[in-house]
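Quick one: structure below, then a few questions.
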């Protein structure tokens, strides 16, 4: 059995938003109790990550790390048509993920105790980000 | 239903090659219209990425970024038997992906408007790179 | 058909441990000969990687690379409650993977000749790390 759905999340600019509840709601609604759920993000300047969801300072530090690694306005980059945060956003996307598969058991994703699924917006401005959720199993 | 196929792509040395058409041809030929397609690369000095396919300067900037992060001949590295680009290729591979799952609907991969699947050769010399494509669904 | 199992591996502190044999044993035991196997790690301070398994100096160099990129005690980080290796471990996890899907054929994972699946412990101390293995196909 395969179930698929598209969802959209509007970001508020650079930063990460937990989407574990949205993914679990989809899995629950699918009627599939046992299998795998894939989250796929249809963008190349945002990404997905699995991250600690207990202390928000972890995600703040990840932002600081990425800002040091690929700073906005980095003179290395020539693709600057959409602004100084355009190419750094692509770099951050390539270094993280746009497709993550999660085991499903008992009608929900099996994650670690302090592990959450995040949509990570890498552009400075808010964007509408589209994801395809696919679950399969029995 | 599961369908699987191995394909080989000969690279021309370091750089990225779009393989979206090859993946979609496999999905179309499988007769599966709804599900997921996994692309798996059987190498550790090349990788897969999802990247913008509109402006080639994005991929040129990604090369420049990786060359700064893990330069060929970096004196940090001791694994140098295959040359100065050997260990940087492994680093680039570990920082990107070797396995990507893509949602399938209507007999093709659902990607963003400007999102393509790329095989990224990290070695300087051309190589034959093997991938296993697996699609499942109904 | 879907089969799922949880396994635990006790690490000896920072470093990578090959788990290809454990994953293949699970696939063999499932009776599934053709499909995909997903390995999912339920932690955010360790990760999974596909890496060359011929020369251990590759993995030693990867450690050195990560230690340069996100050094323990890096003054950039504010999340330091669990020690100087806490936040670097989250960074290493985000830059690699926590979920990898592998094609299965003939009752085993199809990997490249010198490609192994590794559990990568990023904390200095030993930890018990839990993974969910899911295989599906026919």
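Things worth noting here:
As written, the chains take the letters A, B and C, and residue 1 is the first residue of each chain.
Basically, contacts are C-beta pairs under 8 Å (C-beta built on N, C-alpha and C of every residue); 3 or more make two chains touch, one makes a residue touch a chain.
Predicted model, so just to flag it, every value in this text is computed and none were measured.
Shared numbers divided by all numbers used gives the overlap of an interface; between chain B and chain C this overlap falls below half, so the copies present different residues. Chain B is reached from chain A by a rotation of 120°, derived from superposing Cα atoms (nearest 5). The geometric centre of chain B is 20 Å away from that of chain C, both derived from CA atoms. Residues of chain A in contact with two or more other chains: 69, 95, 97, 101, 136. Listed in rising order, the residues of chain C touching chain B in the complex are 34-36, 49-52, 55, 57-58, 60-62, 64-65, 68-69, 95-97, 100-103, 105, 110-115, 136-138.
For chain C in complex with chain A, the touching residues are 2, 4, 38, 40, 42-45, 69-70, 76-79, 81, 87, 90-91, 93-95, 97-99, 101, 130, 132, 134, 136.
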